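Let me begin by handing over the structure; questions about it come next.
Read from first to last, the chains carry the letters A, B, C and D; within each, the first residue is number 1.
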Amino acid sequence: MKLSDKMAYESYADMMFGTAIKPVTTKHGLVIGGGFVIPEIVPHPRPGSEKTLKTLMREFERANFDALERCVLVGHPAIVIENEHISQMTNNPDWGMEITIQTAKQIEEFKIKYGLKAAYRATIADIRRPDRVNLRDSEATAKVLESFEKCAEAADIISIESLGGKEIFDYSIIRNDITGILFSEAILGGRDMEWLWTRIVDIAERKKCIAGGDTDCARSNTAMFMAGGFISKDIPHTLAALTRAIGAARTLVAHECGATGPGKDCGYENPILKAITGMPMSMEGKSSACAHPDLCGNVIAAVCDLWSNEAVAYHNMFGGTTPAVFAEILGYDAAAMNSAVALGFQKEFQACLVNSDRYRGPHGFILSPDNAWHIGKAIVENSRSMYARSKAAAFKCAELLLGDPNLRITGYEKESLLGYLKVLESLPDEENDFIDLCMRKYKNVNGFKPDSYGLQ
Amino acid sequence: MKLSDKMAYESYADMMFGTAIKPVTTKHGLVIGGGFVIPEIVPHPRPGSEKTLKTLMREFERANFDALERCVLVGHPAIVIENEHISQMTNNPDWGMEITIQTAKQIEEFKIKYGLKAAYRATIADIRRPDRVNLRDSEATAKVLESFEKCAEAADIISIESLGGKEIFDYSIIRNDITGILFSEAILGGRDMEWLWTRIVDIAERKKCIAGGDTDCARSNTAMFMAGGFISKDIPHTLAALTRAIGAARTLVAHECGATGPGKDCGYENPILKAITGMPMSMEGKSSACAHPDLCGNVIAAVCDLWSNEAVAYHNMFGGTTPAVFAEILGYDAAAMNSAVALGFQKEFQACLVNSDRYRGPHGFILSPDNAWHIGKAIVENSRSMYARSKAAAFKCAELLLGDPNLRITGYEKESLLGYLKVLESLPDEENDFIDLCMRKYKNVNGFKPDSYGLQ
Amino acid sequence: MKYSTDTSGIFTRFDMEIEVTRRSIRRISSDFALQAIADCVADGDEEKTEEAVKEALEQKDPLEIIHEGLIPGMNEVSRLWDEGVYFLPQVILSSDAMMAGIKLCEQKLGKPLKKKGKIITHTAEGDIHDIGQSIVNALLNADGFEVINLGTDVPIDVVVEACLAHKPIMLTGTALMTTTMSAFPKIAAKLKSMNFNIPFVCGGGAVNEEFVTGFDLGIWGKEASQAPAMAGDILEGAHWQELRSKWNG
Amino acid sequence: MKYSTDTSGIFTRFDMEIEVTRRSIRRISSDFALQAIADCVADGDEEKTEEAVKEALEQKDPLEIIHEGLIPGMNEVSRLWDEGVYFLPQVILSSDAMMAGIKLCEQKLGKPLKKKGKIITHTAEGDIHDIGQSIVNALLNADGFEVINLGTDVPIDVVVEACLAHKPIMLTGTALMTTTMSAFPKIAAKLKSMNFNIPFVCGGGAVNEEFVTGFDLGIWGKEASQAPAMAGDILEGAHWQELRSKWNG
């Protein structure tokens, strides 16, 4: 695998929502990143519905139907439906397959009846738990790959939120341990992704399906979620921001293995990935408040191609079921952005999105298109190793955070940030030395299995 | 009561979200229409919680707390909480009062602890059912007025969705009967509002509370809701649009009686009212999809001062409870608009909102600022009677709908529209003649009581 | 303000894409007078229908006018509504017209026409959202059922007592508020406890399939237009369980 | 791109407004060595704590070191966390440091320190979201409880058996998924049926007060930091009903 060594976008000023340098076209002809933002709706089954394949199929049938119908009702031109596998669907690869086939059929029906353009993304659950199984060789691994094979048949896009490195990350994040975070994301996460995504891309190519992308959810979103809002006292927002920058270098591996995008919605690092790869990305922010709060609700839409709600449990609201309600909201969000495109006001509109959150907190700041691009640049300029580029991303992130006086950082968080920087500076230059150091430091962490990553 | 005879805004180009010519300031110092859009969150109690005052208070305590807390969590600077009375709260005026006092206290606590700016709107339920009671003299009427007295004590804003004319409207709307619609809104609704709002404004002045405004919900939203989306076949969208234009002349009465705004969220006619009165208005659109779908999700925000979700039942989502989730979403919607203000891009941003829905359907079209302003102008230029101005609003609305070739109307809906116009043209010139005609035509409609309106 | 004429990426007017070509009613009779009556009904013109009926009554049997003029005219309207050609008000107006015509025939007959069956409709206690119920009433009337309309905000006991008094073939309830829909299972339980196992079709924005099929007797009604068809099934002998499995699930 | 420096109408940085002034730990001992140990714990420095403890052990009683150095140091950290001065990782690191120190003292003592009480923690079957549980574990450890960590994705029967085997004073469960939380009432029912009425504190993003107080034994835990305090209440004799009425509702 060759690490990226140049930027797809020559300047961040060229990055815009709705348009990617390398748009992709689905089996059914939906173009993503081809000029318009498209909503991506993600319904989640209610508890109990997972009991049998029949009840689960019925649940997804309703949820996906409601979303498609609402698009027709209010006139949203196109939609992507994502179903994130619950563990039962990946543990029984036939379940995931049946639901994929059912959804493909629903999409076809809406196309014929109304002319609605839609596509389906199947996100396989990563049921390989790093602390329990060998990531490369276990029953869970086999199930994951089998699920990809079976879903790729009828799905338009396949994705996963891969777990490599999670065992070390979980240990490190609650210990303020930036070394462990770097190790888990850059080395462990990166190696696992290379192994896994080579296989996913191969499947996608054989099945003429789109290999979408991964997300650093298991690490960066955990950190962002723990940093929380303005009341929480779990971890500093500055640490969450560093985690995100490092995580971008990890998620990028999917595309280096051949994934073409659209990147997966909960990858808040996606603006960085778009800057590097030029591929379309799915993003989520304010209209995924149904799934979690965040401090970058608008800014994260600045360069999105798909616009998602992350996940909403099926439920009746006064205005219809949740998939219908959120399909409507996302579609209107997209419609405003697409109007901006049609009017030639996209720069102004984008500036409004960015200014909403650029100084709301560290995450919004580093994910503003300019800063995201700069972090991307640091990554491609340090392409000699996963380690080098990930560390460079962290340094650039810290430099940016400290460099703009308009971004206010609490005393404690600033102090913490300076502390992480000191640790990062003390780390060895070469990847091998770093790995040696970490193998010693983390060898006793519960569940850490070096051979899951081809180490030792 | 003097009917408005001039426009507060000289040109629709001056109308902008966040700013009203006549901003209002609440007891606690929150300025509405003073430069920024503020979210207005409306939680709705779960079934069962209405059983006792205690359970209902607990329900609102949680819901309102969750919304306030989420604002602090994500940094939304200000919020208005609206509680729409369920019938129990108005039937027992002490219930409404206790909940008002409790909420005022919560707001105070958040102000002290975090500096959050908030305000409370109590919307009394109009429990006077026109088909059953005399609107001006019944136990229900007494309860409504008592509720206003008691809630005005601690609430910042008081409002109501008044019901006058509903009996004739319901009969007419399903019969394609534009005469009955005009009668119910202009004559019956207008007279009932004059009676009711004189009293509400008096109470508000005595209690140093803000008399917000009314809404044509009972008529225009019923029509809009029945016209539905692009699949429904209940009534033509063109009829719903006419109903809205006529309804604007009705809702305006609140302000002519002395209400100062902010107008009530579900009054989709509010852009017209803002053009005429210059007062701040609450609006709802895409982020009230939790309450109902509509075809004007973005355009309706173009000149809003408060931005609301209409109503969301209390419920847990992955991202928190519904009041928290929707407070977050509304606040981010507002943040993008407020960024536009800060950047001086508000015109561009507004254009994007407008273009999203201007040609999506008749409702979005007539509520675009320019068209809304023109309908307002027709209203003030025909100030010799409620009848004259309402009919003028309908004609202007029809003229606009037929005048822009970019607005596509289905064959059936266009034909219907031409039919309504013919009927409208055939109506007498003078209000008294019109009333005579309608009294004959509708005297036998179930539940119609002329003396509720001081007629005969 | 700038307005864009290319709206293709912003919205799609699916209503334009699916608009069905206008069709008029089919010929229902070779008899000139009967066809004229049917046409008046289809036009939803109450006055003209009355005139045409009055005229026809001079020569024809009232039952013939009803069964070969008024009702076939209404049936055509229903068909066109089902096909998406007509909108609701046309159905209501035609129904008004048909009812006016039937009234004249009944006067001539000297006795009311036998209705298909009695149905009680109501809107839940505490709820005044009655547009849904009004539509249901109109459609049931149009289809020849006798509708006993209890109105809005109807206490549970009043509903139960009305059922006992009228012995309808079907009961309907409408609820638009989550705080009022809880009356439905209570009504159903009371009816059940009296062994009065009448199908209880519940609709309105607040209720959904899960809620309504969660109690005995309950059948969820999504669209008002389902009410006459459900009542028709009952006439053909369907029990509430059969109705539920046909219309829900 | 244009950036606005006046963000007052856009957002409010409530974190800046409420940031508490930095405070350091209070003096806990006039003894130089004990104070040094407490300081090392408060710094969350495992190595330095070990050194300081080793040094002190040459002259002092291990129990004195534990009770007058290590634990008071940790208590200070907990206090500052409660006051919003410290963040979670400081608590965890201090806890790690304290535990390392205690371990050395125990070696010297030749027997393990008596813990305050046994607590079993787990993450629900099917669920691997364990950060919440990790925090709970760390805080309980820090507060001197013996934590039996069953890990993630723990089958119902394994939880029940562990309870029977260890007889803990409290059981905790974490669930982040609505499809996994259903294990909790099942566990509670099994325990109940065996008359093992142990408080079962359930937390995690998926569960809420209503759900958890909907089954016997269940107490809803909003924040991980409540776990030690709840366990403290149990030590003082609180039954699950008392815990529930104190912490929930």
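The definition used in the following text is that a contact is a pair of C-beta atoms (placed from the backbone, for glycine too) under 8 Å apart; a residue touches a chain by one contact, two chains touch by 3 or more.
As the structure is a prediction and not an experimental result, all values here were calculated from the model.
> Identify the chains in contact with chain A as well as chain B, in label order.
The shared contacts of chain A and chain B, listed by label, come to C, D.
> Taking the mean of the C-alpha atoms as each chain's centre, how many Å separate chain B from chain C?
Whole-Å distance between the two chain centres: 31.
> Report, in whole Å, the distance between the mean C-alpha point of chain B and the mean C-alpha point of chain D.
Each chain's C-alpha centroid was found; their separation is 50 Å.
> Please work out the Cα centroid separation of chain C and chain D, and write it as a whole number of Å.
About 62 Å separates the centre of chain C from that of chain D.
> Could you tell me which residues belong to chain D and also touch two or more other chains?
Chain D, residues with two or more chain partners: 2, 4, 7, 10-11, 13-14, 18, 178.
> Could you check chain A for residues that touch two or more other chains and list them?
44, 72, 74-75, 230-231, 313, 318, 335, 338-339, 342-343, 345, 351, 354-357, 360 - these are the residues of chain A that touch more than one other chain.
> What pattern do the touching chains form: line, ring, star, complete or other?
Contact pattern: none of line, ring, star or complete.
> According to the definition of touch, which chains form touching pairs?
Listed in label order, the chain pairs in contact are A-B, A-C, A-D, B-C, B-D.
> For chain D, which residues are in contact with chain B within the complex?
2, 4, 6-14, 17-18, 178, 205-206, 208
> How about chain A: which of its residues touch chain D in the complex?
My answer: residues 13, 44-48, 50, 86-87, 129, 170, 173-176, 222, 226, 230-231, 233-236, 313, 347, 350-351, 354-360, 369-370, 406, 408, 410-412, 416.
> List the residues on chain B that touch chain D in their complex, please.
18, 35-36, 72, 74-77, 113-116, 316, 318, 335, 338-339, 341-343, 345
> Across the complex, what residues on chain C touch chain B?
Within the complex, chain C touches chain B at residues 1-5, 7, 10-11, 13-16, 18-19, 22, 44, 81, 84, 86-90, 92-93, 96, 126, 128, 130-131, 134-135, 138, 151-153, 177-179, 181-182.
> Please give the residue numbers of chain B that touch chain A in the complex, ascending.
Spelled out, the residues of chain B in touch with chain A are 44, 69-70, 72-75, 228-232, 285-295, 297-298, 311-313, 315, 317-320, 322, 324-326, 328-329, 332-333, 335-340, 342-343, 345, 348-349, 351-357, 360-361.
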